[in-house]
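Scrolling down, you'll hit the structures one after another.
First subunit A sits with subunit B, and in the next complex the same chain sits with subunit C.
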Partner chain A sequence: MKTIKNNSIIDLVNLSKTFDSGTKLELNIFKQINLKIDQALSYSITGKSGTGKSTLLQIIGGLDKPTEGKVIVGGKDYSKLNDKQKSKIRNKKFGYIFQNNLLLEDFNVLENVMMPFLIFGNKKEDSLERAKKLLDRVGLLSKIDKMPNILSGGEKQRVSVCRSLMNNPELILADEPTGSLDEENAKIIEDLLFSLVQEEKVSLLLVTHNKEFASKADKKFVLINKGLQDEE
Partner chain B sequence: MFLFKLALRYSFSKQNKQRQTNIMIIIGIALGFTAFIIVIGLMNSLQQSQLDSLKALESFDIIVDNSEIDINTIQEMEGVETAFFFYETPAIAVNLSSGESTYLRIRAFENDIILNNPRLSNFVNWSLQKPSSISNLAFAQKAALNIGAGFDSEIKLTILKKGKTATLMPYNFTDKIDSMFYTGISEINNSTVFCNYNKMEQYLGQEERKIGIFLSSDSYLESIATQLPTSITWKKYNASLYQALLLEKFIVFLFLSFILIIVCVNLKNSTKRLISNKQMESAILCTFGMTKQKIVHLYIYQAFLISLISLILGSGLSLLIAKNLQGIFRFISQVIFFFTRRTSIFSFLPVRIIISSKEIILFSIFILFFTWFFTQIGLRPFRKSEIMGVIRHENN
Partner chain C sequence: MNYFVLFWTKRILKNKNIFLGNLILIILITVPLVCSLVFVNSMIDGITNKYIFLSDGHISISSSNNLIINENEGIISTNLVEKLFCVVYSKTDTSNVIVKGVQPDYFNDIRSQEINFESETSEEGSLNSVYISRTLADKLSLSVGDKMAMMIMNSTNNVVRPVIVKVGRIFTTGYDQLDSNLIFTNYEYAKSLTKKTTFNYEIICNTNDVNELTKIANQIQDDNPEFSYNTWNQLNESVYSNFINSQQIIFIIFALIIIMASFYSANVAHSTIQKNFTAIAILKILGTSDKKIKQTTFLSVFSITFLGNIIGIILGILLSYSLNPLLFWLSTKGIDAFSFYLLDFTLIIPYTRLILFCLFMLVVSSISILYSLRIVKKISPMRLFQST
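Here is the complex of A and B:
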């Protein structure tokens, strides 16, 4: 059972992102965003295409850098950490789910799920039970030795969900997790994601354009007019 | 270990587009390595047989140019297999029946050395029949041919010997050819005659004797040569040839290395292609906490893995070829004969390969170094890139 602390996992302080358009004009995606992500809560961010939802998520997850402002992870400014410390945070604190699942094609289902655990030099035996438990939970125990290329889109995304939970992260960052799925599979992933984060006592930050999906989160935000607004 | 397993999977996974290229590179390096071992091994063998002949017939292991040194003392030295007296002197030979003459060299050994000591006698091939003793003259076939001489021909030989008043004076004697020989060294075949040892002792005196030494191992060469001040080792005696052989080996080594550099350039391009193909996987691994440095290590391991497999395969293939060389040469020779109706050089090449572990280790290190070097070059764009940018573009 995960110990729930009262302090936040991530603090976004005056976060801004600007893209260099190649001309004298700079493209301001969002500015002065402040957000606190607490333990064991789910958050959703919606907004129109191009408003920078995914960019914001990627900055939070350390996949991109803000133009201004800070991302405070565990009380430390993420940008001030060295490569090794950043890697450790990505491995231990975050779990990622991408729209296109991004499974490793050279590895089977079980290995894909265990990958975040193995990357940090842990033994396969130590993670086997947890990986199997997660795959059983998503109904894929019978497919553990299958390669990703023979799985359906929905199955791939379920593997991706398991992989994100493998290292007992504090926060799952999900970027349009149902974006490339049909309605039926999207529904399965939605239900699975919310029930799993509840079971595992993990925080969830969900970026989606699907308002129904987003409405299931504890805290709902919308990215509009270059700022983050509380939807409630 | 995890990185190594990952590298193994990335190299040969069936899902990997790069797999076929990797296999081709392995075949390339393995064949290059095999070619290197076989060519160097054959050259070692050819050079060794040349040096063996020279050491047996021409320079021995050591020649001591001082008859005052006690031969028994030399014989008792550690590493000395045989020490023996011999004579060597230039001469002019005239065939008395044809009047033809030639310049040649007389050498005289005791019968036991020239006929029964395998270190020497194994390199002398006798025409018709091996004589029981060198009673008169044993002529090199080619030298005899040069002056139109044959068995029983009377030959007048003129040598220079120390005189009582003059330093050197010509001395003539006549003898009969009672045996003929040939060797693997054309210089000896053209200009050498073996003479009866006792007769030479009588003509030149004991002070003109030299001592030839055969060693049990080449490792004693320098230590014994230092103990005998007037000695000359086979390396010094055949210095120009020895240097030429070393140079020849170096040049072959160098040119064979070029083949492998080409293969290694392919390895570099393959690494570049692999990085390009695996851009997304690298980014995913990075997302899950792998550092850029570790990903660089992953690609280097992969390149090393390919090279190591190639080296093992190359070594195995070389051993297989070395074991069946005689059959391979026979086959090539038959194929050439079938098309040209001519006997090829493969019929005469030595059927042994001398594989030097030092050379193989050196060449393996050379390959591994170039693997590392070219992989580093291949990885340069990756080091500069922002890996996780790929994920951003994929998801935006």
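Here is the complex of A and C:
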């Protein structure tokens, strides 16, 4: 990353997650996790299946709640915010990329990319230039009016990458972004993701079981023994 | 309005299954309600007018002296009338009727709108003539010029005696209940039959409002201390109370149907959310607040309800114009129940009631839609990850 600042975007303070298994036994996924995500840095979290990598990312992204601990976003405890404030943070500060891309099937490629901008209340015309620029960057400018169901898996994920960057977020949260892609497409997405976050000067938190992919991040962690360990 | 809310609402409405299906259903609920409202109002107004203009007037006065009526803005006409009860006979049948003696100016413009006379007349001859209705003429097998016997009671000495009269004209009021027991004759002849010394007046006013009529009657009473009067609702108390009760019952039925329809709107809102569950969850991840999702769903479902309501009201009003011929056609099919309906009525569109009905439907629908939208808060994006 070119610009490295020490201002943190997110602070995880003593974060724990326990699932109620339905019996008296509780399933402890991870506990006492502390992590500081700084601006314009890339982070990767690896670990075996079931260690709670995705759950951790979802908690960081405000989609799930921790059992204990705090997620501090912009100096504020995320759990103490109201729905409007939380929504604003998800819209303005975060960009999301998921393994199954989660595109809106009833909207075309361009509208999908523009959606975070539209949610913020902006008009379609105001976001056209940026959306087209991003789609051009990932080689999908010719498919802006296509519906997601006719795109290949790799193309869908590229649209998803563009969407995550649309609102100039501070942090991209990527959960197994290449998990459902073939090797060739996975490589394209890997390269695209790292080069785009570098160009856009945003932070990246990558959760993957692919160690080679994870190794490209500035800071590498592994989720093991219910805790987060620095791989370096 | 937030651009995203409008953008997303348009998308929901583009779903033809949701849009058309629900729109048609709302229209199907609204059209019969509007038609019923127009029908009931027109029917009640029509029957009321028949009773007022042909039977009793707005105010009916009985006085021992000739009445002095000063100029009053509310009074349209004052007519001397004489009524008596009798049994009429023909070769084929009998019937109990009210014979109403009226002066030549009785059938003025306003009354002429409530009664249709057949063209054939028979005024000449030594016998006194009466005007009978087509209903009565058919029942008694009488035509213009035929003789008819009336059994009348002299109220002064309680002697019953028959008189022979001639059918002078045949009329139709359009209301079978009135037609079957009303006969007109000239005032002097009726007076000679009753031999009463009192004078009876029918006063037509420019309002049907009972309070206004009472005020007018009180003003007349100030100039004529010794007389008794009744307003039309007092003379036709059972008819009047039936009308009031009918209107109240119809409003209760309407309210219940509207409440049921609003439950349907709530169901539409619920199913819209269910159908768009994945999209809503994705939108939540991307930063859409619950409020915006609620606004969007509310706007789309409310748009359908509102549009359905407006189209339903317009179609209902248009369809109401065919009620009169439809009712008349049905009456020719020998359905007895139609004798209780007015078959020739002026269509009255109760705009105020329609607006109230529309507002009530929209308010109740809004409340039920908003209530059903509580589910939005419960949609967690985490369900997307659990289901994939």
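The criterion applied here is as follows: the second predicted complex is superposed on the first by the 226 of 232 C-alpha atoms of A that agree within 3 Å, B and C clash if a C-alpha of one lies under 4 Å from a C-alpha of the other, contacts with A are read in each partner's own complex, and residues count from 1 in each chain.
Please note the rule applied: contacts are C-beta pairs under 8 Å (C-beta built on N, C-alpha and C of every residue); 3 or more make two chains touch, one makes a residue touch a chain.
The structure displayed is predicted, hence computed values, not measured ones.
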{"item": "Superposed partners subunit B and subunit C on subunit A - clash or fit", "value": "clash"}
{"item": "Touched partner set for A:149, first subunit B, second subunit C, both or neither", "value": "first"}
{"item": "Partner chain(s) touched by A:96 [first = subunit B, second = subunit C, both, neither]", "value": "both"}
{"item": "Which superposed partner A:136 touches (first subunit B, second subunit C, both, neither)", "value": "neither"}
{"item": "First (subunit B), second (subunit C), both or neither touched by A:176", "value": "first"}
{"item": "Residues of subunit A contacting subunit B in one complex and subunit C in the other", "value": "54, 58, 61, 63-64, 83-84, 87-88, 90-92, 96, 98, 100, 102, 104-107, 115-116, 118-121, 163"}
{"item": "Parts of subunit B lying in touch with subunit A, wherever the complex brings them together", "value": "2, 9-10, 13, 15-16, 280-281, 284-293, 388, 391-392, 394-396"}
{"item": "Of all residues in subunit A, those that touch subunit C in their complex", "value": "54, 58, 61, 63-64, 83-84, 87-92, 94, 96, 98, 100, 102-107, 115-116, 118-124, 163"}
{"item": "Subunit A residues touching subunit B - in the complex, by the definition given at the top", "value": "54-55, 58, 61, 63-64, 83-84, 87-88, 90-92, 96, 98-100, 102, 104-107, 115-116, 118-121, 147, 149, 163, 175-176"}
{"item": "In the complex with subunit A, residue positions of subunit C that touch it", "value": "2-4, 7, 11, 278-279, 282-292, 377, 380-382, 384-385, 388"}
